[in-house]
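Lettered A, B, C, D, E and F in written order, each chain numbered from 1.
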Amino acid sequence: MRPSGRKLDQMRDVSVEVGFTKHAEGSALIKMGDTHVLCTATIEPRVPSFIKGSGLGWVTAEYGMLPRATNTRMRREAASGKQGGRTVEIQRLIGRALRAGVDRVALGERQITIDCDVLQADGGTRCASITGGWIALRLAVNKLMKAGDVISDPMLDPVAAVSCGIYAGQPLLDLDYPEDSEAGVDGNFIMTESGQMIETQMSAEGSTYSRAQMNELLDLAEKGIAELTAVQRAACA
Amino acid sequence: MRPSGRKLDQMRDVSVEVGFTKHAEGSALIKMGDTHVLCTATIEPRVPSFIKGSGLGWVTAEYGMLPRATNTRMRREAASGKQGGRTVEIQRLIGRALRAGVDRVALGERQITIDCDVLQADGGTRCASITGGWIALRLAVNKLMKAGDVISDPMLDPVAAVSCGIYAGQPLLDLDYPEDSEAGVDGNFIMTESGQMIETQMSAEGSTYSRAQMNELLDLAEKGIAELTAVQRAACA
Amino acid sequence: MRPSGRKLDQMRDVSVEVGFTKHAEGSALIKMGDTHVLCTATIEPRVPSFIKGSGLGWVTAEYGMLPRATNTRMRREAASGKQGGRTVEIQRLIGRALRAGVDRVALGERQITIDCDVLQADGGTRCASITGGWIALRLAVNKLMKAGDVISDPMLDPVAAVSCGIYAGQPLLDLDYPEDSEAGVDGNFIMTESGQMIETQMSAEGSTYSRAQMNELLDLAEKGIAELTAVQRAACA
Amino acid sequence: MRPSGRKLDQMRDVSVEVGFTKHAEGSALIKMGDTHVLCTATIEPRVPSFIKGSGLGWVTAEYGMLPRATNTRMRREAASGKQGGRTVEIQRLIGRALRAGVDRVALGERQITIDCDVLQADGGTRCASITGGWIALRLAVNKLMKAGDVISDPMLDPVAAVSCGIYAGQPLLDLDYPEDSEAGVDGNFIMTESGQMIETQMSAEGSTYSRAQMNELLDLAEKGIAELTAVQRAACA
Amino acid sequence: MRPSGRKLDQMRDVSVEVGFTKHAEGSALIKMGDTHVLCTATIEPRVPSFIKGSGLGWVTAEYGMLPRATNTRMRREAASGKQGGRTVEIQRLIGRALRAGVDRVALGERQITIDCDVLQADGGTRCASITGGWIALRLAVNKLMKAGDVISDPMLDPVAAVSCGIYAGQPLLDLDYPEDSEAGVDGNFIMTESGQMIETQMSAEGSTYSRAQMNELLDLAEKGIAELTAVQRAACA
Amino acid sequence: MRPSGRKLDQMRDVSVEVGFTKHAEGSALIKMGDTHVLCTATIEPRVPSFIKGSGLGWVTAEYGMLPRATNTRMRREAASGKQGGRTVEIQRLIGRALRAGVDRVALGERQITIDCDVLQADGGTRCASITGGWIALRLAVNKLMKAGDVISDPMLDPVAAVSCGIYAGQPLLDLDYPEDSEAGVDGNFIMTESGQMIETQMSAEGSTYSRAQMNELLDLAEKGIAELTAVQRAACA
């Protein structure tokens, strides 16, 4: 049924290569099928001015796509002089999601920046960024703990994200680009390992949806998140 | 319980003044309590290049806040040289929501731009913008139909939006600013008059949420949307 | 004779609604005919760096137009990434004019920013901004004096502004947009209640003018300023 | 009395070197005392879109200052990423002034751009730009007429500009920088050779002014303009 | 002697992975030691306006660094709103170098854009970009020839680049970052397989250099280029 | 043979007018034939943050062209909102070159900014900027030494720059614009009076070059540099 030949509730193959780059405090190349995102974590001893002196830490994210990560070349954002609306929306989402998975008191007054750069895109780049970004964050925090800079582990439950959508009337898990571009309803679900929700975003794209349909997608998402958090645990072990 | 003294499922007073400005093809000043948004609709005989020649119409939106709409003055975005991430996120949301309520074939190859400018802010400005923006859009389409430029009504069911959140452990309908800034979970729900969903956005702000809590907020949202679409019908009558 | 049907020396109806928005230290919606400008005053405890430590206060202004304040929609300046030349020129004029009406020693080392946002335009928006901006400024200073933060009243004589022009060979007071766009000579006159001048700007638009014509316009302007300062006094009473 | 030692109604020495650069259709280096401005005229066979097809010509101007034209180095506008408010205000003024001295029907559908670049500044740069810019414009039009591209001379009366101000209670003609920075009232007067007025700008800087004072400055300005238009005639002879 | 332990004339290990990303018409990940650059080639059927209609093709390049490619995180250029001077300089160099290796008549009126994105940096990123960029270009042209869109091979001799420098008084081949940051003279040499020169850039960094020293570096460069063009040939075979 | 009628190894006439503007600590108008560049030096008591507290001085440069310095008018960079790639490349080169001619310890912790503004262009503007910029720098340092602010002369050997190229197969010294635009190989050579090299840049423009050809151009450059440093000595005497 699916263009990809996958079953309705079947994820793409997921793989993670930790330590893909050597300079960052944490780094991971996550591949969800043909979507490949390089995630790095940078620790800095300063926080944004609005929490200076509060004792709280901060986690933020930036997102980018290489110009030819996609099927036709996109203009380089550095050349066009600003980040587009889609980029801004996505990086704010990644930052919020990862921040929700951290005890900011335990982290202490330092900032961790997660850079998510899409080397190749085939749908679901924001979800891959969150899932891979959590791994880079975990690795960087491990380094802080090993060095004794942080005593109590600030990382709460693993946080992962997956997209679901309604395609040709059917609920699908983990849409790739051909599926995503034809889906009538499109959702991104960010959850913890234990199934608690952090962010839910569902959009009608050409048709509305009912609460029953929303629940079907949530069921799929829970299945996907369980598989992704297992991958996260394995990659950081 | 609520800082506002309202009941958990009680909306703020809503009022609409149509025709607030005279040049626009449709205009409405919507007041949801102390949140006041001026919405105008502009019809133009051109569409974005990616749908040129398709016969389809387009609806888009722009959002802004006057510098002193808020308690402390914010820097004017025109002076700082770009629209901030929050602005971009909101105006993309308004555009998607209103587009979902229009039959773009019936609209024909023309663009309607909804400008939503917040004159005074007290929480829920994006929801007020969508609810008021729909009214401006409806009025502009009425003008097109009266002039015979559009024959079959392109407006589908009324579209409205409301925020709900979990505050001190309680689900609340229609958060004002003091409630919103303390809420642990915050959601924006965009629905049609008949209760079909167009966009759902829920975010944990400091605590995660369960599916049971999500359902409580959806119940509240359905109640709020019913009241708002009644106001919309009355304003356009 | 006039497109508006007014007499040569007749102003448009002027009305002022003080306290139009609740957050600002002073606010007024001024209507000069169909030109409607929302003026707000913001007090901040800092001054620009070039007068830091001087003991002097500062008054500055920013000006904006909502995109559909005019007959055809203008591009939003925040979206185009900069304030246009006309905007910059106008807000510098408003700032200079209002600064000239203040004893900066008595004000003390604080800044008051006047935001003038045009909700609907029909000619004379810069003059309405100055006249309405003075009211917002007066109200904000009243608040400072009531709180005992300022002892001696820093507000000098009321400052108002009016446009005059030569239209079809006739000198006219207070041009609306149809008159302004056809005028051969166009002037903006900023004066105090007692008739002292603060700024004079006259431009030939297609024809030059003599000193005799300039004097005719100055006579009209004095009449208009007297009416406007009376409105200002009444609004602040 | 004057810091410069000049009499109240005495201009600085004025000199003009035409043809200072070789590529432009017209060029002049004008020196008003220590204020040196290089003015060039560029003819292009296109007009702004808002008059395309009207048969009318257009004259516009751009203004700049070399970073070290002034006593302390100013940041280069190209490096800071935008033209400041003062620059925008001045170049719009120069454009309006020179446009008023041209019969745009006779000029025909072409644009002449006057670039005024201040090599050294000592007060009065906008007036020097207008006076020198007129010369560059005249020379460029001469070239068009010689080539037979324009038949009837589109240049009306010569247009020049001079500043006057009230310094230590005294009306002064042609202020240099030390005088300008201390003047309580400051005016720029743009007139034709025959004494007709094109633009009048007077500003109170710390004190207001009366109509009597305004008239004293106008008398001085008429004297200065007569001297400047004589220099213009001589330079273009 | 060298921090890296290499011999004076010893290159770092070079490896190339062609087809690293799937969408581009040509792609290669080149690794020169710890410097890793992803190069992609994009073919488009349009050329810059200044050669439109000439029948000539165009090759251009863009360069970027991921924020954490380096030891400390650099600000993302898309976020800071412009490409820095170093970026602009480098991408112009890459474009010129690759253009010099192409017969633009044989290429025909189409543009090939080479994107060089540094995933990890350890000195010599511009040289790696040119060497790897040539491979991506070669692969894209192969595709054009296979499709019959280009008949006669437009690729001239292979083009590669290598850096040399004087470190502690010794001439070194292929500097890594620790060597580069301490070198007194630094050069980049772009040559063809046959040893003809395309671009030579040598800079004194703290000490000047003689023609004799320049010749020593040129000798080293010729050795390095021979090795690199062999790698290029092998990668494209 | 040369379009200019000069001999292959003949420089254009060079002249220098020191003190061309009065405010700068050093200024010179250098004319290399029809290329005229105004160079000014500004001394400031601060250094860039990356060397603060090091005791070292800094020399930097900015470069600009007046819009009509060239045969057709170029867009003003201040108006287009950024410095183009060519401008950035050139001003970085000028800064590096002049910095190499200064003992930064002897200069002490202060910055000298060299502004090079092209009033008229006919090829070789970057070389003229370096040669003239050195003169402005020398004059500014003289002022520091006279005032006793600097004791030991920080100026090393004079630094000058000249372009050479291969035109119609012949090596030429000091290319003017018509020669430069047709040259197949183009080089800029920055050297000290004693013939030591500071920067070498050679580019193939349509044909490659051999080491033998490179040496011919270096021979020409040495001749030109000797003539230019003699002019520099004379101008500063």
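Quick note on the criterion: a contact is a pair of C-beta atoms (placed from the backbone, for glycine too) under 8 Å apart; a residue touches a chain by one contact, two chains touch by 3 or more.
Here the structure is a predicted model, which means the values were calculated and not measured.
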Review point. Which chains lie in contact with each of chain B and chain E?
Key: A
Revision key, fill the gap. Farthest chain from chain E by C-alpha centroid distance is chain C
**Study point:** Comparison of C-D and B-C (more C-beta pairs in contact)
**Key:** B-C
**Study point:** Length of the line joining the C-alpha centres of chain D and chain E, rounded to whole Å
**Key:** 51
Review point. Once you find the CA centre of chain C and the CA centre of chain E, what distance in Å lies between them?
Key: 59
**Study point:** Whole-Å gap separating chain D and chain F, where each centre is the average of the chain's CA atoms
**Key:** 33
Review point. Which residues belonging to chain A are in contact with no fewer than two other chains?
Key: 81-82
**Study point:** Order in which chains appear around the ring, chain C first, chain D after it
**Key:** C, D, F, E, A, B
Point to revise | Partner chain D, residues of chain C touching it in the complex | key: 82, 85, 88-89, 91-92, 96, 100, 187, 192, 196-204, 206, 208-211, 214, 218
Check your understanding: Which bits of chain F are touching chain D when the two form their complex?
Key -> 20-24, 27, 34, 36, 38, 40, 42, 44, 62, 64, 66-71, 73, 76-79, 81-83, 87, 113, 115, 117, 119-121
